[in-house]
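What follows is a group of structures, each given as structure tokens.
The same subunit A turns up in both complexes below, where it pairs with subunit B and then with subunit C.
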Partner chain A sequence: MSRPIPLHEIGEKEYIDPANQACQGCGGAIVSRLVSKALGDCFVRAEVACCGPAFMNIRAPSIYVEVFEGAGALMTGISRGLKRIGREDVVVLGIIGDGGTVDIGYQGLSAAAERNENILWVCYDNEAYMNTGGQKSGATTPYAATTTTPIGEYSRGKLERRKNVPLLMAMQGAPYVATASVAYPEDLLGKLVHAKGIKGFRYIHVSSPCPTGWGYDPKDTIKVARGMVQSGLWPLYEVSNGILKLNYKPKELKPVREVLKMQGRFRHLTDEEVDRIQGEVDAFWSRLVEKDGGNIF
Partner chain B sequence: MRRWEVMVGNKAIAYAAKLARVQFISAYPITPQTSVVEYLAEMVASGELDAEFVNVEGELTAQTAALGASAAGARAFTATSGPGLLYMHHPMHMTSGGRFPVVMAVIHRSVKGMQPDHSDMMAQRDTGWIMLECENSQELLDTGIMAFKIAEDERVRLPTIFAGDGYILSYTAEPVEIPAQEDVDAFLPPYRSKYPLLPGLADEARRVQMEQWGIGQDPQLRWRRQQEAMEAAKMVIREVNEEFYKWFGRRYGNGLVEEYRCEDVEAFIVAMGTIASTARTAIDRLQARGKKIGLVKLKSFRPFPSEEFKRLGAMVKAIGVIDRNISLGSGGITFQEIRSSLYDLDERPRVLGFHAGLCGKEVRVGDIEMICEKTLRAAEGEEVTPLVDWV
Partner chain C sequence: MIEVRFHGRGGQGAVTAVRILASALYLEGKYTQAIPMYGTERRGAPVVAFLRIGESRINERDLVHNPDIVVVLDPLLSRTVPVTDGLKEGGLIVMNFPKPGNEAGIGGRFRLATVDATGIALEALGRPITNTAMLGAFAKASGLVSLESLEKTLLEQWPGRLGEMNLRALRTAYERVTPPVDVSGIQALGKRPQEEIFSRDVSSWRIFKPQLDEGRCVGCRRCYIYCPEVAISMTQGKARVDYSSCKGCGICGEECPTGAISMIQEVL
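Our next item is the complex of A and B:
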């Protein structure tokens, strides 16, 4: 399992250009910065279509290939190719959006996990297709208003449940799977450094709020991200070879209402809908607590 | 040691990949390609071939993974047919756009049925891949080896398809000469990418890499550079064809087109792939009867040898073009490209079109004789109609 690593223990070297093209307060850009710092000088980064290229690492080798659907295959090829030229020491990293992970790229992701490819897949989850303007994805929290699930007389926003891809990856037997949040950088850095030392398929799914798509003030990204973790909307856990560990386990979760209220995409929620979300969060949390320390299979 | 073996076309393709010592293979089954990757799987399993063999979950992935492996600096190969090739369309543009010299075998299967025609490859004609068509199993093996040398040439660096008609070649056994590994090694040294995706790449290499990947000042530049590379490929294909001849004693015309009995003719027909084989017999028969008609086999569909057709077109009065394809709403693809190649001639020959062999429809020697006779009538100045026929 991982051990939290404080920021000051990580080197000072920066890889992501401060003048990157992400919006102010972008959670994804924070992920990009922390991931490259944690991995250090020996990684290559693969990117497909998403906001990722906006915070693409231009001070380390990286490749952007406009195959939105192909991240798993792209990383597979790079990893196998590097092995063939005798450079297995290089970490093959992808920082991929939730759409490219849980929807259009899921087939390739799942296949790469099945083959246990030697790659590190970091999903920065902003819960929608943000690069195209905020359409619903399979990772969007239920009831959220998105541009393709707008609120209207006949619509209450996104109705489907989230696809729980971290657990799906764990069920596929990936050696290391973790969730993380930009609000808990020590936890994230610890998981990255831990993942770096493992061979095979590693998957880290990071909650990365997006002020532009979620409708909150850019200065509040960390506050929103923290609220999601503290309310159980985004639990932090890791699964190492099937064993689950909850990394953030407060005595009591905060009510979801507070963090939902901060975001424009949930402005329309009725009390009843908030209660329904709360119910689902509580149910999932108690399952996690039950499994904590044990085997998930 | 070179040796002979009676083998099917798909095995000849697998041998080409093996002799080229490919380092990466992505595999996904589709008829009539499947046995290509099965042969390779066996070669890897037995230790005959030392390569990454990845069973991917679809052709989109097969193409994208090969792209990734090539970007990392490995020699990458994949193979597919028909719908599989259509499914690769999106990443194929990326493979050529990034200038990754992936080599792919296409075993033709129609996009409207199981049997062969060239519609699968024609649907990729603007993806920026070099496309070399083969007539028999020996040519598949030989072209497969040449394909790597062409694709990886510094002046080219474009992904390359070598193709053959499915079923007709995939499952038909004929004697094939397998070159000696040492000779292939000498002809085709190991791939060393100047631009691998690696930490610590030299600035200049990185700049070139970025330019190719589209990160630079002029957004149009990558298209332009790729077109320049296609033009350069015409020369490189000729050179590689000649060098192959020096090593192995076989060559395929000048690498771009192959003239068959075109000396002193009034007209010629044009064919690609296995139809060219059938056409040879038809030409032999007609010339035995004193008819002045030859055959030009189109081997390099991309880059398209316009200059060759201009040169050849100036020598005859009529050309009959056989297309195992159609661009619906427009017409035969090579028919149009050949006509357009002749435009700048002062005296242009007549050009007739023939659609034949689509969806695997059989093309017999007699059919080709009919095509030749119509072309000869046009050469004699007769007003033949229609301009385009379905055979």
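Our next item is the complex of A and C:
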């Protein structure tokens, strides 16, 4: 299991150039910087079409493909190539959007997990296809307004449940799976450093709020991310070889209402709808608490 | 036919502005086209949108290349984006700038009207979304559309309190915009867009900037860790901001536990 890294232990060295082309206050940009700081000098970055390239100014070799369903195949190829030249010490890192992970990239992801490819897949989750204007994805929180699930006479936002890809990956038997949040850098860096030391398929799914798509002031990115964790909307846990550990376990969760109300995409919610979300969150949380410390399957 | 080009930054509402303007002109019996330009524009990044106004049916379907009027929604955009490119001789620029036209750093055979739309928007809306203020300024400086039709369209777009707030921005800018001045004698100031791409100076994206009170900084490193732009470094246990890399998102100010960082409005 991972060990959180205190802020004062995080190194000064930067692997990303200052100023990017992402929106002001982009959560994904913070994630990509922290990931590079955790991995240090020795990684190759795989990239597919998403907002990622906008905050890409990374000082590491990168390979980019335009087709955003291709991350699994791309990372597999890089990893096999490195093995061939005897450089398995190099981490093959993908920083991939949620659309390219849980929807259209899912086939390549699950196949890579099945083959236990030696790769580290980091999904920065802004809960929609943001690069193309904010269409809903399988990772979008239910009831959210997106450009394809607008609010109107016939629609109350996204209807479907979230696809829980971290748990799916764990069920596929991946050696290491974790969720993380941009608001908890100590936990995120600890998980990355831990994952770096493991061979095989590693998957980290990071909640990365997006001011543009979620409709909040850019200054509140961390506040929103923190609120999601504290309310149980985004639980922090890790699964090592099937054993689940909750990394953030407060005595009591905060009500979801507060963090939902901060975001334009939930402004339309009625009290009844907020209660429904609260019910779903509570139910999932109690199941997680039940499994904490034990085997998930 | 009159052609207009709007320059703004993602989030300032340039696309909404051309749509409102086209609808208002339609109410006055004009033929209009509102043309957004789609790309991977992000909040804060430069965007353009276009408008055509005709007395008869408009058959053109391409983008506007030689505008009669240019509207600039952001005070610093002209430093990095060639806003006067293709503007017709004698053309009009309506610009969000808190000082008179001859101090805006724009030169050429044009006329320039200015208005402090950021200030007005902050007053009226509490947020620096400048599109509706710039519509008021456009109406007065160009004389092409009446305030009444703009007001009507605006209230249709945003009924209720939001509409009232935007009405205030519209009217205030209509009153405060300066008469256009001739800027043919002025040396244009500004960088080429190319330079921005290479140097990655994003300081012109900012409306607010973080101001650090060193005495209150306890060196906890939170601002340094959370800055999305790597604009903060730690020297001898104190945070330091590199302003050329800072987009003014405000995360550092929000997350600093001691209140050492306050966000203050940029003065031009």
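Methods note: the second predicted complex is superposed on the first by the 295 of 297 C-alpha atoms of A that agree within 3 Å, B and C clash if a C-alpha of one lies under 4 Å from a C-alpha of the other, contacts with A are read in each partner's own complex, and residues count from 1 in each chain.
We adopt the following convention: contacts are C-beta pairs under 8 Å (C-beta built on N, C-alpha and C of every residue); 3 or more make two chains touch, one makes a residue touch a chain.
Small disclaimer: the values here were computed from a predicted structure and weren't measured.
Considered on the superposed subunit A, subunit B and subunit C are sterically compatible, since they fit side by side. In the superposed pair of complexes, A:C23 makes contact with subunit C only, with no contact to subunit B.
In the superposed pair of complexes, A:G97 makes contact with neither subunit B nor subunit C. Remark: in the superposition on chain A the angle formed at subunit A by the CA centres of subunit B and subunit C amounts to 90 degrees, rounded in steps of 10. By the touch criterion defined above, A:K219 lies against subunit C but remains apart from subunit B after alignment on the C-alpha atoms of chain A. Of the two partner chains placed around the shared chain by superposition, subunit C is the only one that A:N131 touches, whereas subunit B remains out of contact.
In the superposed pair of complexes, A:R80 makes contact with subunit B only, with no contact to subunit C. By the touch criterion defined above, A:E12 reaches subunit C but does not reach subunit B. Using the contact criterion defined above for the overlaid structures, shared-chain residue A:R115 touches subunit B, although it does not reach subunit C.
Nearest C-alpha atoms belonging to subunit B and subunit C sit 9 Å apart in the superposition, given in whole angstrom. Subunit A uses no single residue to touch subunit B in one structure and subunit C in the other. Chain contact summary for the complex, subunit A toward subunit B: residues 41-44, 46, 60-67, 69-70, 72-85, 87, 90, 107-108, 110-111, 114-115. Interface of subunit B with subunit A (complex): residues 23-24, 26, 51-52, 54-58, 60-74, 76, 90-91, 94, 98, 196-199, 201, 206, 213-215. Across the complex, subunit C meets subunit A through its residues 10-11, 38, 40, 42-45, 200-202, 205, 220-222, 225-231, 233-234, 242, 244-245, 247-251, 253-255, 263.
Chain contact summary for the complex, subunit A toward subunit C: residues 7-8, 10, 12, 14, 16-27, 29-30, 33-34, 51, 54-55, 57, 131-133, 185, 211-212, 217-223.
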